[in-house]
Structures are given as C-alpha cells and as structure tokens.
C-alpha cells in the first residue's frame, strides 16, 4: 500500500479557490437539507465529505452540479457564480461527477459510455455526422484517442476486450470505475466522487484510494469525495469536512475531524463507548487503517 | 338557470361514471406505475355482462324477477367476472413483465385492449346491444324539480358512485389491505421485505379496479342503453384524462377529475357546441399537464439522485 | 438437437408445399359449367360492422339463391374495408389482381368508392354498391365502371328537407351529424334549404361512438320542434329519443337511412327516410324475408340493396354464360350495363342510367307509430 | 488532462482469462440471448455477416423482387410494408433510441400526408396547388420536423408516462382536427382525393413498380442515414438520455435539445413516409391515421426489436406481409395457424419422448372424442371443416364440428383462453397433460369459429393482439433487438 503523495500545492491563504460555497442553504418544503454551508476548495486539493446518512452530502453535490437550485447562498466556480445554470452547462464549465446510485448508460457499451460524455466538447451537427464531414471525422478521432487513454488509466480493470460490451455486463466495482472514466471524458477541472468505494472489497477499496491520488497527481484534478469508508477518507484527503443535518460540524485534517466530539456524536449518538465497537467508524479507522503515519 | 342545472345534473352523472373507471385506472397506476390501456375494455365487458343478464332473466320487457334483484345481480356479476378478468390479465400478462423495461407492459396493455375488443366482436357480434332500461325502470320514477328532471337511474348512479368512492377511500385508509396497497405503491421492494404479500396485494388492486370498471359498464348500460365492442376505447380515454387531470395515482384526484371532465363535456355541449367537445377536453388535459404535470391533486415526487 | 432441426425443417417444408399445392387453380372445371368468382367489399369489422355483416349476409344469400336458379357456380370472396378508404384500396388491389374475379359488390361508403373507382376503371371491372349515395360518384366521370342500386343524396336531401318544411313546419330545428361523411354531406345539402325557408338551424355534431346525449338533448329549445338525425346507427337515435323523453322534450325526430331499424329505433312519432324499402312489407319478398330471418336473424334496409346488387351481377354472369361466352370482366361489365329487371327485391324495376345510377331514383318515407311499427307514407 | 490527449492510444492486449467475479459476469453477459434451438442457429449465422453487407443483401433482395413475376397485389403489400418500415424506423429514433414514449406519432405521418396532399391537389383552391415533388417533399418533411419540435416541447418538462399521455392526446387532436374541426378545409371524413403522383423534372411515377422501387430506395436510404447517425455524437446522446437523462445532463449533454432533436427526427421520417403514402394512395382520409395504425407501427417496432434499425424494418415486413399477404387468405391462415402450433411444439417440447407422447395422445384423444360425439348424435359432428387442402383431410374424423357451430365455437373460444391461462400457470406433468386437450380445443375453435370466412378479418386482429402479448412476455427485445436493462428510478 502506498500513500498518495503529499499535496502538491499546500493550501495558501489569499489564493483564489477553484470552488467556493457561500452560505449555501436548501430546503425541501419544511425540510432543511443544507444550512449556511461554507466551503472553499483550492486547485489540486482533495477534500472529503463525511457524515451520517442523510447529512446532506449528496445534496451538496446536487446543488453544485445544478440538479437542485439552492434556496439561498452562492456557488462560485473558477471565480464565477454557477447558481441557476442547467446541469449540462455546469458540466461543460468543468465540473464532473459520479453518482452514489450508479447511473451509467447501462445499455451502451463501455466505450460508448465514455464517448457520450464528450458531447459538450464536440460540435458536429447531425448533418455533418451523416455526411461524415471533416469536423465529425476529426472529433470522432480525437474522442477515440481520449477514450482509449482514459480507459487505459484503469489498467486491466477496464481493458480492451470489454469495451464493446454493454455497461450492465460489468461487475459492480467496474461500473464504479467506468463512471469515473465517463466523468473524466468531460475534461473536468473539478471531480465530484459520490461514494466511489461503496460496495467494493478491501483490495478494490485500496485501489480506489490510490486511483484518487493518481487522478490528482497525473491529471491535475481537484477532487471532492463523499465517502463512508474511512480507509479511503484517511488515505487520500488533504482536508475533511463533516456534515450533519445539512450543517458543517467540523473541518480540517482527517485526525482532527475524526476525533472531533461533534462528529463522533453525529455518527454514534452520545455514547462514546460504542465507538470502539464500530470497526469502520470514524474513531477506529486511523489506527486500523494503519497504513499511514501522520 | 334550469338549463344550467339540467346540464349540471347530466354532467355530474357522466362524470361519476368516468370517475369510477378512472379510479381503477389510477389504482393500478399507483401500484404498478402501469398505464393499463385495457382498462376501458373491461368496462365494455361489464356492459355486455349486464346485457346478457337482462336477457337471461327474460329480457327488458318480460322480466321474471323483481327489478332490484335484477340490478343487484347485474352489478355483482359484472364486478366478480370483470374483477376476475382483471386478475387473470395481471397474472398472465403483466406479472411476468414486472421488472421489464417500462415499454413492455404498456405494449402488452395495448395488445390486451386490442384482443378484448376483437374477442368481443367475435363472440358478441358487431351489433349494438340495447338494455332497454325504460322498459323496467320508468323515467317517471325519478325526481322532477321545475323543469329539471333526474331519473331514478341517474340517482342510483350518483348514490352508488358516492358510496363506492367513500368505501374505497375507507378501504385504502383504514384497512390492513389498504395499508398494504399503499405500501406496495410507495415501494414494492421495501413492502416485500416487510412481509407484505406483494403479489396478492397487486392482484387485489387489479380485482378492485377491474370490478369498478365492470360496475361502471353496467351503469353505463342502464344509463345510455347501448353496448358494443368498442365503447371501451372512448370511455377509457376519457377516464384516462380524468385520472391524469386529477392526479394519476390519487384516489380523490380520480374522482375530482372524473366529475370535472363530465361537467366540462356537458357544459361545452350546452353552451358552446358539441363539435368541439373532444378537442376542448383534450385541451384542458394538455393545459393541466403543462401547468401542473402531477395533476390537480397529485403529489410531486422528489427525484432521488 | 440436430434431429429436431431436421424435423422442424421438414414440417415447414411440408406446410409450404401443401400451401402451394392447394393454391393452384383447378382449371378443368371452369369449362364445364359457369364457374367464376365475385368479390364483396364491406365494413365487416369496425364501428359499423353490423351494417357490413348485414350486407355480407344478403350477398351470400343472393349468390346461393342465384346459383341454384341459374345453375351457375359463382363463389363469393369477401374483403373487409372497415368503411375506410385505405383498407378499401388494399382490398381492391387484391381483388383486381385476382384473375378469377370478374365483378365486385360494394364497397359500402361513398368515400371508399371514391378511393377505389380509378383502380376498378383501370382493371375494366364492374362494381356495384348497395349503399354509396354521394351524387358526385356517378357525375364526376372518374368511376366509369361504378353502379349502384340506391338513389343518391341529391334526391334524398332536398326531398327530406322539403317534407320537413312543408309538412312538419318547424320554426327552428336542430340537426345533428355523426361526423361521418354520409351524414355531413346530407347535412350540408339540407341546411341551405332550411335557411332559405327561414328556419333557424342549430347544427350540432356527435361522434358515432358517443352514447350519452343527455347534454345535447338539454339544449333543444321549445321552438325547435324537429330534430334531424342523418345517422347510421339506429341504437344511438333510440337513446337520443329516450333522453328527450326523460328531459320532457317534445321535438319530432326525423332520421335517414341508417335509422331504419324496426326493433331498435322505435321512438313513436318519428320519421325515417330510407334509400331502401322495408322488404318485410313487400308481399313478393315474403319467402326471402323468411329465409334471411331464419339464417341471420333480424335485418334492416342495408341488406336488400346489396342483395339486388349481387343479383344484378349474378344475372349478368348467367346471361354471358347462356350466350356461350366466357364470363370475363369485359363481358360481365357489358351485361351489367344492359341490366333490365322488371322487378327486384326492392319492389321496383332495376336498370341503370349511362352513369350507373338506378333509373327512377326513389326514396321511401316511414312514420313510426306508438307500437314501434314502421308505416310507409307518401312524401 | 492535456498529457492524456497527446499520447497515442496505449495498445491494450486482450487480457487472458482471470478468475473473479468480474470475469464471470463479463462472460455471462457475453452469452447473448438467442432464439430457441434451430432458430437461434440461423440467428448466429446471420450475425456473422456484418451490418453493411447485410443491408446490401437485403436491399438487393428488395430490388430483385419485382422481377420474379409477383402480382400487383403482392407489390402493393410490399409498398405498404415498406411504408410501415419507414414509419417504424422513425419511431425507433424517438422511442427505441431516445426512449421518449410518443403515442401521437401517427399524427406526424398524417401531417406529412396531408401536407403533401394540400400542395399536390385541387383541395386549397379551384385550380389547385401543384408543386413538383422535388420541392414539396422537402418542404413537407421539414415542416413535419418543425411540428415534431413543437410537440416535443412538453418533453422538456414531462417524461415517461406523462409524455405518453400528452402525445396520445396530440394524436387524437390531429384526428379531431382533420375529421371534424377543420373539415371544410381538409375535407373532413372524406379526406383529400385526387392527389398528384410523385412528379418533377418531367417524370411522373404512376405504376406500382415505380412506387415500390421508390419505397425501397427511401427505406434503404433512411437505414443508411440512421445507421450513420446511431454511432455519432447525436445518436449516442439519444441513447444516453434513454438510459439516464439525469446522468446525461451531468455529462454535458443538453438533454432538452437532444430530446427535441429526437422528436423532430422521428417526425421527419414519418413525414417522409406520409408524402409517399399520399402520392401512392391518391386519396387520404383521417381514418388512415388512427390509433389502430399507431398500434400497428408499435407492433412492428416491438416485434422487430426497439432500438435496432434492422429490427424495425424486419418487424414491419414480417408483420405486414403476414397480415396482408397471408391472413387475407383463409386457406393460408389455416396453414399458418396449424403450422405455428406444430413449430411451437417442436421448439418448446423436449425431450423427444414427451413430444411423441403429446402428439400421440392428442391424436387418440381426438378420435376418441369424435367417436363418442358421433355415437351420441350425428348432428354433433356433421358440420363442415373450415380448413381446406390436406389439413381438412387430416382433420376429418378427428375434430368435432357440430352442425350449428356458432354457439359451441364461442364457448370453445372462451374455454381455450381459460386453458391457455391455466397452461401458463402450471408446470411439469400437469402442463403436459393439459396440453393435449388444449391443442384439441385450439383445433376445434379454429374449425368452428376463428377459421370461418366470416370471422377472417376479426381473426387477423386477434392474431396481432396475441403476437404483441406473447412477444412481450416471451421475448421483449423483439426478433432482432438485444435485451435491455432498465434501472428503476
């Protein structure tokens, strides 16, 4: 097991953040999903979001990517506000995501899943495509190169002989990988990963942890991760953010957040005794994960 | 004023009928998310059953049993037979498709509708079958208020419609079966995990919904006298509109929608022209759907991401 | 596995061989007796199937009776048009390409005749309708091989309108079409005549599939003493009349052809004009009526004109054969043109004008009494 | 990301077999579903040939057909089938690829036909409007596409069943408008008559052959265009929004625009089919564009396999040729009926012993029953068989045909339906046992009710309905489609 490399550019005061959430609030009817959430993510930073189920983590993603519209507050990406933009425009600005409940194009082939995500970066009209005019041919060529490269990034896991198979024929773990590959094909600056390790065995979980590091190091991506598996959180994050009931309850390094009383309480209620009994719980993982010396 | 009232009475009666058909339609949609296109044809089958029962008991003019008994037999027989037909339909055609792509059960429903229409043509012939209701339920047995007349069949339809709707509402809100239905409608898999017999519940919904269509068929026969093999299509379409306008999957919505469509039709005929009835009714539907896609009483479902 | 493949292949092969074998014509029989085929087009299914079935029954009856009388071997092939021009076109193309077929009875609707006329003209094949009454079919010149045994709307529309104006004398009336061309055509012929006579006309329209008329009936004002229903479905008119009774409306119903249906439409005091006579009341037809009733049950006025049409074709074929010629399409067409029957099932002579209309076009008017009986009255 | 794009694609050798869940899943999925037994063998054989060669072969076969001394009627059936194929191709774009359930599709067909008819007849004015086809067809097709955009607008807010409903009513509204509301302009129930043939540049298409060839060209052309589109940016975006519109929008696809394009494209193909239909048919009427025909188009697409270009065409050809070419002839209908029973038994019943047992018992059962019935009353067996040819001689003395067949036939039909439903519910020995009386009852019902000439046209529709239902249960992906998964949302 290798730990991800150190953050290439440590957070500096005064540098403009790539993504900034400013007093973000969202309510569904009487239900408050997010309340006055502030978050700044700098370039090439990996930030993890943790919190119990229903804490509003995925809701943050949905607001950032334009699926929900915040009732108050602002989302600024690369300096400009993106609130109110439709999802596909936000995606074209450079924010890509994966979904907690896998949302692949199940009946399209592996390769086509990746190619479909190049829609925003291509321009060929249907007429050009039918007549196979130069722009269509050029774009298709470039897209194929891109897709090959992205899929190759996952090594043997998504190797060639599977590319023409429908996505539903992949195993659960590979579907998660393919979802990340598809997100990469939109050429993002910011990648939002919603529980990338869910449903994976320990080996695969480790691979994903490594992969997240590589994505930042090799592709210069900024990454926001939602994850329940504390091995992953501990293994890749520069910074951790804990949410509960739509409110930020802690932010900082992994160890700080994981031992923060509010976080412990949020996960386990007021009984600190149960902490040790929960192997995957926030208290247990830094030591059990044990691969990283901080 | 009396013209207005007369049109209102006519509209409410027709509307009650639409509401009954729409109820079953809406219930089935609630549990299976299936647009059961064959629902209107169940109504047609109900109409035929009523006709043949009249015939078996001597024909409209020469009945050899008392009229209340006859009407009871008609309703019970239509409810049981059509309900059974609905259950058979579900068991045979829809159940294998429960996890198939959405289009599959829809196409099957269209196929069943087509089958029922043509099977009825084959078995019962193309001629219009006539109940001849006035021969055994006299018009003069109704109520006359000024120049507004409400005949006893209309009264019966309204009263029965009201009772059925209240009963259904109670069934769904108060009984164990109703709770199961709501659970299955909300989340079939979760309901199954909680030990609810999903297959039984869905079959029950089909039975109830189809039985209502069968009852509506008999009512239509008594009211409008005529039954033939394609009456189901238009009635189904109208009920469909009613269910959607009211909010598909919602029981009070189906009632409201049915009454609205019935009254609208009546007033358009009375005050504008019969030529534009269908077009305006469809127009209402399109406007409702665009302004409030979930219908008047339907609840928006939060999309899970 | 392999064995099953072979077995299935053999089965398929056998079936297809058998199919080919039986479809080859049995040529030798044709020479001995007058053997030939005629077609019958009608709405055998669909919304007006009852009409088409009645027509089919009478065509079958005519062929059976005439074969017996003339010692011919005419067989009848049926084609379902659903009263739909597109279906009629398909069926007609099938008939025209059937080399054994020499003439066709039908189709039922004017719009269908319009669609298939050119096809029959190209094939030189005669076709006789027992119910298409649009005047333009014979006057347009597009249908040179078309004949009909019924008179056209140009006779019926004005005749009915004038009867209503002169005898029933309404101040205002309601006229309701059923959205089918037969009905809308008649309405468009009648409305100007009413308006010219100073009668206020409320023109309404309900589809044939509507069975609830209570809202429409509520609209009838006391001044409107006549309701004209040029409909094809008698059961609907009956319901219309009942809705009137229920809402205490006193207007008189005046219906046309399709409403002629004793036993179904029996609103007392109503009038029905029909292109066909009630053959129940024609003494000479008594045995035929009995025969038809025994075989098919009750019937109205749509069957007999088709019987007459089929009879015309049968006689033409018999005449050609008797003359020692082969019953080809051209021969049969020529013989039909020469038709001159001194009497017919319709109770009147049948012969055709140069355009194919029956000579001495005539409609029949009936008034329904309180027992539901239809009484023929003069116009 | 920049360094990625510059690299050449890394050559990835197919990995050798690995053990693990992934591999197992992958291998399982590779086993595509084929038709049972020998039918599947044919399927595999066809699959070995590539898509383009297959299209070439099919097109060549289509072009050669008229040279084989087929009659006018057969060619007409061919034209009708090809019109349906074109319609199914267009529907495939909207429904098969983009997954937008458009139940008003037939109105686009009608709009194309009416559009062409209006500018190619005397309908609009006394001397008429008579545009040449090279002008009118593109104009009408584009106009239909614009109408498609308009009708597609609600799809931005509505999806799934709601969209289906609203489009269904659009279709009904089209019928109402042409039939009743605008009847003075559009000819009402009579429709428009006297439509010009396709003409332009001094050429007129008049004969059936010419229209047949034109339709072959149009269908093959549409297949080529759609195939090129399927694996392009647009085609992928269509299929992406079918599988998951939300994910598609997160992946830079402008879902609204893509939906509208799918609607417009489907509508354009339907409009094109409409112009050909009007020109070839000479007259059109509102009844040409009813829900019944819509069901027919859907049946074609479903039978062939939604999402597959070849499937859409094959479905249309098979269904329409069967319906118009075979089922209009009572004798052929009989062959088809008994043939299907035999084939179904051959394919489904295994092992051989069981097949022989069922066949044997059915034969014995029939003769026994016939003998008993004959012993009781002669009138029970004195009716005449409906089937002709060798089937009749094979069945005589086996199947009971009462003198007056109508009543027993009706009950037989009802009983047959009950038996079939029962058959679907039981398994094993009971099913085998039940099969014998069911087969016999099927033959009885056929000879007394379904096969009679009077009921021929009703039987046709019953067969369409049964095909739709059985197809959906047994093979929802259609003849040529691939099975699809759908993630419930």
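For reference, chains read A, B, C and D in written order, and residue numbers begin at 1 within each chain.
Just so we're on the same page, a contact is a pair of C-beta atoms (placed from the backbone, for glycine too) under 8 Å apart; a residue touches a chain by one contact, two chains touch by 3 or more.
The shown structure was predicted, so the numbers you read here are calculated from the model rather than taken from an experiment.
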Subject >> Minimum number of chain-to-chain touching steps separating subunit A from subunit C >> reply: 2
**OP:** Point out which chain occupies the most central position, where each centre is the mean of Cα atoms.
**Re:** D
**OP:** Return the chain whose centre of C-alpha atoms lies at maximal distance from the corresponding centre of subunit A.
**Re:** C
Original post:
Would you say B-C or C-D is joined by more C-beta pairs in contact?
Top reply: C-D
**OP:** Report the inter-chain centroid distance for subunit B and subunit D in whole angstrom, where each centroid is the mean of the CA atoms.
**Re:** 30
Subject >> Distance from subunit C to subunit B - Cα centre to Cα centre, in angstrom >> reply: 36
**OP:** Calculate how many whole Å lie between the centre of subunit A and the centre of subunit B, each centre taken as the average of the chain's C-alpha atoms.
**Re:** 49
Subject >> Sequence positions of subunit D contacting 2 or more other chains >> reply: 180, 246, 458, 461, 484-486
**OP:** Return the residues of subunit A touching two or more other chains; collapse runs of consecutive numbers into ranges.
**Re:** 67, 99
**OP:** Indicate the residues of subunit B shared as contacts by at least two other chains.
**Re:** 118, 121, 233, 275, 278, 304-305
Subject >> Sites on subunit B touched by subunit D in the complex >> reply: 29, 33, 35, 88, 91-93, 96-97, 100-108, 110-112, 114-115, 117-119, 121-123, 233, 237, 240-241, 244, 248, 275-276, 278-279, 282-283, 285-286, 289-290, 293, 303-305
Original post:
How about subunit D: which of its residues touch subunit B in the complex?
Top reply: 95, 101, 154, 157-158, 160-162, 164-166, 169-170, 172-173, 176-177, 180-181, 246, 291, 295, 298-299, 302, 306, 410, 413-414, 417, 421, 424-425, 449-450, 455, 458-459, 461-462, 464-469, 472-473, 476, 484-486, 489
Subject >> Touching residues (chain side subunit B, partner subunit C) in the complex >> reply: 3, 6-7, 10-11, 13-14, 118, 121, 125-128, 130, 134, 139, 142, 147, 149, 151, 220, 223-226, 228, 230-231, 233-234, 265-267, 269-270, 273-275, 278
**OP:** State the interface residues of subunit C toward subunit B in the complex, per the touch definition above.
**Re:** 45-50, 52-53, 176, 204-207, 209-212, 214-216, 218-219, 233-236, 238-239, 242, 245-248, 264
**OP:** Spell out the part of subunit C that touches subunit D in their complex, as residue ranges.
**Re:** 1, 3-5, 7-9, 11-12, 15-16, 18-19, 21-23, 44-45, 53, 56, 78-80, 82-86, 89-91, 93-94, 96-98, 110-111, 114-115, 118, 179-181, 184, 205, 207
